[in-house]
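Given below, in the form of structure tokens, are the structures.
Next, two complexes with subunit A in common: one pairs it with subunit B, the other with subunit C.
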Partner chain A sequence: MLKMKQLTQPRVIIFILSLIVLCTLPWVVSSFILRIATGIMMWIGLALSWNMLGGYMGYISFGHGASFGVGAYITGLLMMLLHLPFFVALIISGVITYIFAMIVGYPTLRLSGSYFAIGTWAFAEMMRQLVLVLDTTGGPEGLRLPPMLNDNFFYFVMFGLALLVFLTAYFFFENSDFGLKVKAVREEEVAARTLGLNTTWIKNQVFALSSMFAGIIGGAFAYWITYIHPDSVLGPLIADQMVIMVLLGGIGTLFGPVIGAIVLYVGNQYMLAAWGQSSAYLIILGLAICLVILFLPEGLLSLPRVFKSTTKGAFARLFSPPRKTRI
Partner chain B sequence: MFKKLPIRRAVVVLAISCLILSLTGCGGAKTGADAGNSASTEARDYYKVGVITSLSGAEVQGGNITKYGYDLWAETVNNKGGIKVGDKGYQVKLVYADDQSDPAAGANAVERMITSEKVDFILGPYTSGVTKAVAPILDKYKVPMITGSAESPSIWTQKFKYTFGSVPAADLTAISPLETLSKLPNPPKTVAVLGVNDAFSKAVAEAFKASAEKNGITVVKFDVVPAGTDFTPLISAIKQLNPDVLAVGGHENEHMEVIKASKSLGFMPKAFVMHYGITNPDFSKNLGKDADYTFGAAVWTPDLDLKDDLFGSAQDYVKAYKDKYNAIPDYTAAACSATGESFSAALAKIGAKPPLSDQQREELTKTLEQIEVNTFYGPIKFATDGNWYHDNVGLKALVIQMINGEQVIVGPEAMKAKDPVYPVPAFNVR
Partner chain C sequence: MELLEIKNLQHMFGGLKAISDLNIKVKPRMIYGVIGANGAGKTTLFNLITGIYRPTVGQILLEGKSLVGKQSYEISRLGVARTFQNLRLFNDLTVIENIHIGQIYTNRGRGKNRTTKDLPGEIRRLLELFGLDERATEKAGNLPYGMQRKLEIARALATDPKLLLLDEPAAGMNPKEVMGLVDLIKEVKNQYPDITIVLIEHQMKLVEGLCEYVSVMNFGQIIANGIVREVQSNPIVIKAYLGETEVG
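Then we have the complex of A and B:
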């Protein structure tokens, strides 16, 4: 149980305050900003879900977009063919992506390193081609969902989902035995197994859990955008963006993916709005990502630390007497 | 300390901070305008026109063609004193948004255009996918949009009220080549149909199949294949069936590959039938004489005898386009330029000066449904009912045949410049 003392800790107060601010957002900002905020929430959720697998467990997956797409298509099909209400369809799609990931994880999690990355990528491509040839999914025509144009509704759905993934990461990965076991798999899988950990089970659970979140978020995305296409929800860009967001923010941390998602999504949308006339903004964005990866390998989260020590160094250099040249 | 933290790190931190600062500075003015929650208006004496198309991503090539078309309209109309409403002309200012060839990014971009930029009306996307994602948002804000490019038939069956298209859907145009061939004294008896699995190409392949069956041509093979497939084994299989005609639904690259594969396998049907893509200059340039005699469908060619007050004749338009972009316009570029003329005509008719109010946008949409505009591209008349709701049904599909690298209209009967060459000469005797 939470005690009063815990509740008055500064970080808890900050957390609750920011939740309140985020809840009032729809009544303060314009619909376009709210749309961007919805997009940010979605990508925070996706980046955090990928981080469970790639960050805490160290299995770099390029196939995470497949879970997103499968969730999107299952939600869409359940709503269009069986006329189920949105939330029912969303929950079912979460369960299905979970089971689905268990089945996929069984063979692919036996691979490791780049082989796992290639395996998952190939699997995602397979899903894309499958959806393209099936008639029920609409094939290359894509799938249209019933249009529902309430911006506030989707903001709160995405916000709720992002919060759910965040809290899962906090309680299950940052502060639990399970989290330690997952990190043990990342650090030294063989040693973890010799200590008696059932690494196969752990890996399968993490893979399925993170896929389930991606699937649910995919379902919400489908209803939000109202139209999905194999290239837009099952294309390689979805997974690539998750990977880049996590690397940008700081892999294997709780706040890294959050920061990475905000910076990349806002950066993209912002530059699109400011310089949408040409596609030069993509080059700038790419360049910025390169710089961060090159010089801040631990992500933007490490920026304050690096900045602090760098400025200290610069000051020391400025104010200390000139040194003799050192070779 | 010095050893651990080289000066380059300080430079990088500085560079990143500068980048962030410059970004905040550059766009500050624009985002500052985000206030209203609806498509409200701002005081100005020009039309603010949104252009949403693929300026990056997989479809950037086609996206640029639409941009050229829209740009040329804006430039021409501004040079001639702007859109005439009453006795005054109002200039046009285009505002661009890149949909990144992705429906979700397109939806974001169009929402920004309507709520932040407060555009009066919108010139629409290159791809059908983005058009479909954008359409519900237009309905929400009641802002009219005409796409000068999207051709997928499934856009129109949903009956979105504020979305229009000036190119007839692929299933309206793709039926014409086989129909023309079937009316010849020695009509083809069999056809093999290949289609690539994307929205447009698949619709074309299905229309080829349907029109063959309707006109008494037996379909000996119908195959829809994933994009990027090697055509050699497929052509090899079709060669065994020996059809009179090979009809292909695809884009220019796939058309070129089919012709190359057929030549290398020694497969020579009495005709190749294709659709959009063979009018792309690359098709003739890359294939040389092998490109000749290929049949295709189009809704506009540069040699048509059409004219309007803005661009003059179709030939004048081609010249203006060539001077500006050093390329020959295809029907997508022409349709995009003509799209602006539909809006001009509707605005003039209702006498709506910029900026448009919500009520005037509503009137504009209603007027677009009613008017028929005759342009250098042909008549634009939007359907108000049926499966092609709000698509341009004023245009007749043309059958073209490539002869000496030029597109020649060979059908339908009333429009043709020459008789079709059928059966076509083999590759080695051209």
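Then we have the complex of A and C:
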């Protein structure tokens, strides 16, 4: 995959330099900023994982939060009941969410379009209700994990996970035959099948892989926050935010979800600091989405291109009917 | 041995008999035409061969091996490729990517004694053959209609098929483009002499120009078989076609 010559390319150098800068972050910024950076890393990972399914494959899921929640609860339970070390619990919850997603994917991936969106949403809601009534999960009381107060540790965990998801997206979805197969499913499933692609298998793999990443990140989140309950890790807002971040940044691209996650998370934290807990965030979120879908269907990533075109062109675009989006 | 043999094929859509008691034999390396009025069941026949539908009754054999019950992707890997009446390109992907996806399984999973192809070379060859080389990095959806039709054939050929099914390849083309397509398909046959082609067509000009042998379908059945000249003067066929023009 990577050859020596490629390592000296400007974009590879920039990438490595930014990694180094990001590694030094804990020693140059305040712990408040570091916690925000940790959150950004987490959401970058989540948005990128959703993008594998929704962006590259075109299966818009509103249930991706369920994988996050399942991963969080499994990590929590493994640490509390079996007293497993964090990283062992994390790996096991990754494996379990993967298998779990294979099972859920089997019926839901037969649906497509809005039916798939509704199916996955219903499934996630079912998980939340289940966790609410089960005794082992603590029901509405939630679950406490062994406390670990080390901001640097969690920053590096989330950073590592985001990087892992990013590299997976880059190597497996952007630059491989597998990625092309996944995009073929998005563009024309029937045609893909008649060209020899086992679309059922491909869809299951992508669904399971993207769920696994969300599950692992959920597990890390649980340990970071140390207290989880059904609404905090299985609420509908988690999946919604992943969807919105990706749409905002640019669906089906590598950097779109990264940019979307940064913008939305920072905006969210800013509003939280400025106005405290309020529903204004949700209203602004909704508004932002309407604007992006109407005027910038390819997301913030396409902004430079839009600016580059003539004023007249941009003006015309403003008043022309919206282009198709993949929802 | 026949390359493709279909025996007593029947397919129902609910109460509608789209295909009934259909028999076809296609010899290797032939260009075989299937003609017939709208709704005769031609596309359904292709959908049955390629595993998109499963026949209610009957047998479909490729080189003596049954295709019935196999998945579309398995049938493709056995050497059947097709195009669609209503284009089904990967619109947001480039011309090259479209063809590349067709190639992914060419060198795998089929008989052991197949030679391994030089895939990048093969892409260049297909681009040139179909006159797509100048637009190779454009998105398929941005090509003009005629080129999209050609790209679909190129993508199907990229799977290195034994049997190529073309569903109304000239649909929506003007007479000049149709003649161009006739030459193109002849050239394809020239460069890939081992391929067998079955094509569905309304336009007699294309059928006359290409096919050695035709079957005429009407209401899910084959009402006549033979070389083109014979079939054209067959009273049953004339009646079926005139009947159609009276209605529509």
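Here is the rule we go by: the second predicted complex is superposed on the first by the 289 of 327 C-alpha atoms of A that agree within 3 Å, B and C clash if a C-alpha of one lies under 4 Å from a C-alpha of the other, contacts with A are read in each partner's own complex, and residues count from 1 in each chain.
Assume contacts are C-beta pairs under 8 Å (C-beta built on N, C-alpha and C of every residue); 3 or more make two chains touch, one makes a residue touch a chain.
None of the values given here were measured: they were computed from a predicted structure.
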### Which of subunit B and subunit C A:Asp177 touches, first, second, both or neither
second
Notebook entry, point to check: Which partner does A:Thr199 reach: the first (subunit B), the second (subunit C), both, or neither?
Noted result: second
### Message
By the touch definition at the top of the document, which applies to A:Tyr227: first (subunit B), second (subunit C), both, or neither?
### Response
first
The chain contacting more residues of subunit A, comparing subunit B with subunit C, is B
### Query
For A:Val190, is the partner it touches subunit B (first), subunit C (second), both, or none of the two (neither)?
second
Contacts of subunit A common to subunit B and subunit C in the A-superposed view none
Residue set of subunit C touching subunit A in the complex reads 50-52, 71-73, 75-77, 81-82, 84, 88-93, 97, 100-102, 104-105, 155-156, 159
The subunit A residues in contact with subunit C across the complex are 177, 180-181, 183-184, 186-188, 190-199
Per the touch rule, the subunit B residues reaching subunit A in their complex are 1-2, 4-5, 7-10, 12-13, 15-16, 19, 23, 26-27, 30-31, 34-37, 55-56, 58, 60, 96-98, 100, 102-105, 107-109, 111-112, 115-116, 129, 132-133, 136-137, 139-140, 152, 154, 158, 197-199, 202, 226
Listed in rising order, the residues of subunit A that touch subunit B in the complex are 29-33, 35-36, 39, 129, 132-133, 139-142, 144, 147, 149, 221, 225-229, 231-232, 237, 267, 269-279, 282, 284, 288, 291-292, 294-295, 303, 306-307, 309-314, 316-317
